[in-house]
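In the two complexes that follow, subunit A is the common piece, with subunit B as its partner first and subunit C second.
So, the complex of A and B:
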């Protein structure tokens, strides 16, 4: 029995909630771990204790965030089995492998050494401790690599074939799965976005100390690390932006057309719609403001490759759905016991369209008896909802541009040693702290919502993937997640703000602002004049 | 590939077993320490001693659980799909209880308010006792068989509910699991603590090991006499790929004892577990912390292996439709995937054990009240 629509919708909602929530913590872990490596490397090379304090203080904030990443990550490792059991059966032969490797090759490294990062300071030599920090950072980025190989495969399922004997997809080439171009682009884009997030976090919090004129030496050095790392990372995110990945794989072409609201196929190179109001019903974009050539250049990296429009994609899909019906008929024949070479050849010829046939399961369980109306509905299903993708993508890109501006100007004023007077920039940095998270979440919405109606692009529709569960079970789990996650987020934010405000004084070294203030007798006069920012010493 | 499919299938049964035992051996004592935390630690400082005895290493230990999950997905996709969706509510409760640990360890000592710390201690208690209880109940129910079946597209339907898991045998298995890991946690704390705390956990280790022994023996007789076992009556060649529905299975009383009759040398496994449990109590009484800990580790491995050996080749028998039962022969991935994963495990598992051992070496030594006082702001 297929899961009812309510169960599919609730399962999707739960996965979206738990994955987006997990990704509130992942980007900071990805980036901050490398920032810690940079700070500690400077400490090891120069022996300057302020860099040790920087590593330890930002490490404390790293720890608060890391705990949440671990807590929310466990959910995702098991949720494919709990809520997407047909998916797990259907593609586990391929999809399970990168997840297992992630555990063995990456997450083990990260989580075994993270304890030593916090508690090994007095038990390890400086170089040993730096190695430990490096392994934590390496582990977290490798972890992202394997997860994105898994996710890349969902978007562009290469190196696999359907086996009718076992009724599932089976691995043909592990090399193809690992070197999937979509996965590689996704990996670079996602980890670089994490590095941007962490850089903005350190930049913004340091800017706060600079604005308050406290612990300025500490803050300036942190600001400098963040500005440099952030500038390099933002450039990577934008230049190696993942639009180039969207030309690989059938369903990614649909995603690209939807993101860009390209209803018709235009002669190459296509223009880009900077702004407009996509109207899915009439398949047009109102008030469109277009810049010629740009989309073709960005998306295809060429001047002569077309970006195929939604209307033409739909025509292609109708052909594939009709072929899929034949594939389903051939599969039924094989499964009824006729395993003659002719029957096998017939199925092999059609099986690349089996997934498109399965789209019809939503409307008719037998697939082969679909009416033209049902086929038309299935064709419509193959195009994701354009407006949310169009807007999410534009929001993400606009934020990316803002980050580039902030890091570039910060870097500029820093090397000109004119940072202190730019209070507007420091304020902008503080208020921009939450923005990379918004950009990252929008990015995931584009990536995952844009893959609909598939879980595995062109292979397995979402509505077939879900477990056949009772709605009451899903209400229970969803309520539990929302309750726990809200509670934990409040606790995490309270601690994060508390420690960020307290700054390096939370290390109890006796060297920083609040502790020095506590030692001094209360100032007799009003607030003392703000001291000028010292220039960074080199 | 140097192995045929049949051999790989058996190797993967062993690998998943190694990962589950690795999880129980390492994270097991974290659970054990968690469940005695509010009772053994009378003051905040004492509780911090216990927390810091596992604090620097628990995270790596939990990764055995994550990796066992990932490896099950890769090697036994049908088990991953069927067990986790079937035991849906139980698994969700397990996940919810696990949330308390990473956050509890890191956040507890960051605020001085005793109410805050006390609340997290109970959170860590929940995170210590609920997972072993649920895992134990789940294993008990695997021995009983669970109600599920597949349709012709291999979609699973599970017809039981959460409360049916809480049957007498399932609960016994849950208690056994809790007692076993309490023993393990207590012997670990004997090694890592001193003075009064060490004296308290020593007592717990002795009593808990005897309770584990009693529950294990009762469970053994129950399996032999009280519940039905499963056996395969016909199936395609073990060397081929086939779906669960292609075999036939019968349910007979005492069938879980067949393997022990067929391979009499396997009877050593439960005997070793029993002897190890007795030695835990003895070494506890003689104040030999390290030896007690080693023996509790042997007992943990022995108890899990005893159940796994009884069930082999079954992983998840179906009481509703015995043909649907999942076994090492038909719940597995393709030969290619098993082969690739074999080499990866062979490479990474020793590496993991090596660097984990190094981390434990670096963090060796007892955690004392003085250590907590000296590291007021950096310790958990």
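So, the complex of A and C:
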């Protein structure tokens, strides 16, 4: 491996590791904040103290996750300027506004109101406190919105144009950037996935209390909120995931073809491959089990539009690479001093394919005279590795279906008042607690790995985005990040398990299981020793 | 009175309250302090000299990175040399 390849691979690995770790904390914050709003709204409407206890207890777990997760995303911003300097230069004019607004939303709105949420119970009226909780949830979602607008732009760079004078993309229309269809779909799909994660967390922990037959009224109500909210959220994720597939079919045909291992263009409407073994070398899928029409309907919303296969997309890309070589030559001419209107017009005509020409820089410093072999290699690069995308996507969808089953079944037995005998369902809910995180991470792998070989789709190749660094520096910083995030994750797990096991007894209201157990006279009992009671906090 | 041995000191330390027995607020505050310290150390050690300050680099450096050294006379591109992108139907037709 050449040193430059090693630097790019290590920079990618570091960004992937930190982003995936960061997203272990985010979805619970996104979802649990709205579950708190629902619980507290019921408390305000009914005045029933159990809903206040529910808000305070789940709020305590929310607080642990928020504290562990806050600022874990800042490491990604460290990497922009140091590891991805050329990328940063290219996107700086576009990302400045969304990232600044995200910072404002996260620190001034979200963090301020999280403080008020915990310290405001005795200082604010019920309605005022509910408003604070609502603003916490809104702040969390707004933070996600601006980050996902930036991420959506990387997948579909609208509202910006390349300026050859500054050698970067410059903002033309903020409205187009904000209302970018990829960003909008990505936002709603991501936050809905966060709602599912939090619902499964509350459902699973509540199911644990029900299995242990303690604090059952508290657990049943929590379970009901989680089942209802989780069912609605899972249906939203599925519908929005379908919308995401349609958007990908519109603007990101390569990603769609790679996810579906569609090597050839089939007559419309295309069938979907449920199972198969993608073979990138021979460009085919072995043992493919297909369901007719479904992919065409999802990806094109029509019965007569084809889903373009990878082989045909490669032919399109070869044309774009050859145009990109001409764009590169035109840019070189402009940069060498010929800024005549004719030279500018020539570049303007070709510049949409400049990025494709830059793909050749991996194989030759002289893009203009690239050989057919070098062009063929660059064409191959335009297709991301199919197998990881194929399997990640199917893993995510399969888990989504499992969540739908769990929430729908839970909801059904709950309204039939037959939940208690369904111990299999309660156990399934407990064991499913980590699964939404796995689904979310698989989703991010599909989204980001599927964008390769680009950092900005069609504009800037990944191999030209990374800085010139020493691999040793990247190895050490990568190790540092892994240790840092693992430490946070372990602490989060320890605290979550500790307080989840204690349950609402950790609120010190004197009404719940472990405290009632303490009040009973000591007698020989087979009850296992209780875990140590955490000291009261505010 | 003889000074306590190091074994005795360790034994005495082990009788102090464990970190996990602190109130939640104290635990979180402690973790946040540790977290900020680690982030600061990582930032100062590995990310203190970003090549793109404020998401901007010298234009000449970007040119050098992205473009080959400019030839003495840059080639002239004629409009007729521009390949045209085949339409989806053309590509589809060709594939069959």
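One rule holds for everything that comes next: the second predicted complex is superposed on the first by the 503 of 538 C-alpha atoms of A that agree within 3 Å, B and C clash if a C-alpha of one lies under 4 Å from a C-alpha of the other, contacts with A are read in each partner's own complex, and residues count from 1 in each chain.
Definition applied: a residue touches a chain if its C-beta (ideal position, glycine included) is under 8 Å from a C-beta of that chain, and two chains touch if they have at least 3 such contacts.
Note that this is a predicted model, so its numbers are computed, not measured.
Engineer: Following superposition onto subunit A, is the placement of subunit B relative to subunit C best described as a clash or a fit?
Structural biologist: With subunit A aligned, subunit B runs into subunit C, so clash.
Engineer: First (subunit B), second (subunit C), both or neither: which does A:495 touch?
Structural biologist: both
Engineer: Could you look at A:113 and tell me whether it touches subunit B, subunit C, both or neither (first, second, both, neither)?
Structural biologist: It touches subunit B, and subunit C stays clear.
Engineer: Looking at the overlay, what does A:349 touch: subunit B (first), subunit C (second), both, or neither?
Structural biologist: A:349 sits against subunit C, while subunit B stays out of touch.
Engineer: I'd like to know which partner A:101 touches here: subunit B for first, subunit C for second, both or neither.
Structural biologist: first
Engineer: For A:309, select first, second, both or neither according to whether it touches subunit B, subunit C, the two together, or no partner.
Structural biologist: After superposition on chain A, A:309 lies in contact with subunit C alone.
Engineer: By the touch definition at the top of the document, which applies to A:416: first (subunit B), second (subunit C), both, or neither?
Structural biologist: The answer is neither, since A:416 touches no partner chain.
Engineer: Using the superposition on chain A described above, determine whether A:170 touches subunit B (first), subunit C (second), both, or neither.
Structural biologist: After superposing on A, A:170 lies in contact with subunit B but is clear of subunit C.
Engineer: For A:333, select first, second, both or neither according to whether it touches subunit B, subunit C, the two together, or no partner.
Structural biologist: second
Engineer: Applying the document's definition of touch, where does A:281 land relative to subunit B and subunit C: first, second, both, or neither?
Structural biologist: neither
Engineer: Do subunit B and subunit C land on any of the same subunit A residues, and which?
Structural biologist: 63-64, 67-68, 71, 74-75, 78, 80-82, 85-86, 88-89, 92, 95-96, 165-168, 335, 467-468, 473, 476-477, 480, 484, 488, 491, 495, 498-499, 506
Engineer: What does subunit A use to touch subunit B in their complex?
Structural biologist: Listed in rising order, the residues are 1-2, 63-64, 66-68, 70-75, 77-78, 80-83, 85-86, 88-89, 92-97, 99-105, 107-109, 111-116, 118-121, 123-124, 163, 165-168, 170-172, 174, 335, 467-469, 473, 476-477, 480, 484, 488, 491-492, 495, 498-499, 506-508.
Engineer: If we count contacts the way the header does, which residues on subunit C are in touch with subunit A in the complex?
Structural biologist: Its residues touching subunit A are 20-25, 27-28, 31-32, 35-36, 38-39, 42-43, 45-47, 49-57, 59, 62-63, 65-71, 74-77, 79, 81-86, 88, 91-92, 94-96.
Engineer: Going by the contact rule set out above, which residues of subunit A touch subunit C in the complex?
Structural biologist: Listed in rising order, the residues are 60, 63-64, 67-68, 71, 74-75, 78-82, 84-86, 88-89, 91-92, 95-96, 165-168, 264-265, 306, 308-309, 311-312, 315-316, 319-320, 322-323, 326, 328-333, 335-336, 338, 346, 349-350, 358, 361, 365-368, 464, 467-468, 473, 476-477, 480-481, 484, 487-488, 491, 494-495, 498-499, 506, 532, 534-538.
Engineer: Note which residues of subunit B are touching subunit A in the complex, please.
Structural biologist: 55-60, 62-63, 65-67, 69-75, 77-78, 80-85, 88-89, 91-92, 95-96, 98-99, 101-103, 105-107, 110-111, 151-158, 241-243, 333-334, 336-337, 340-341, 344-345, 348-349, 352, 355-356, 359, 362-363, 376-379
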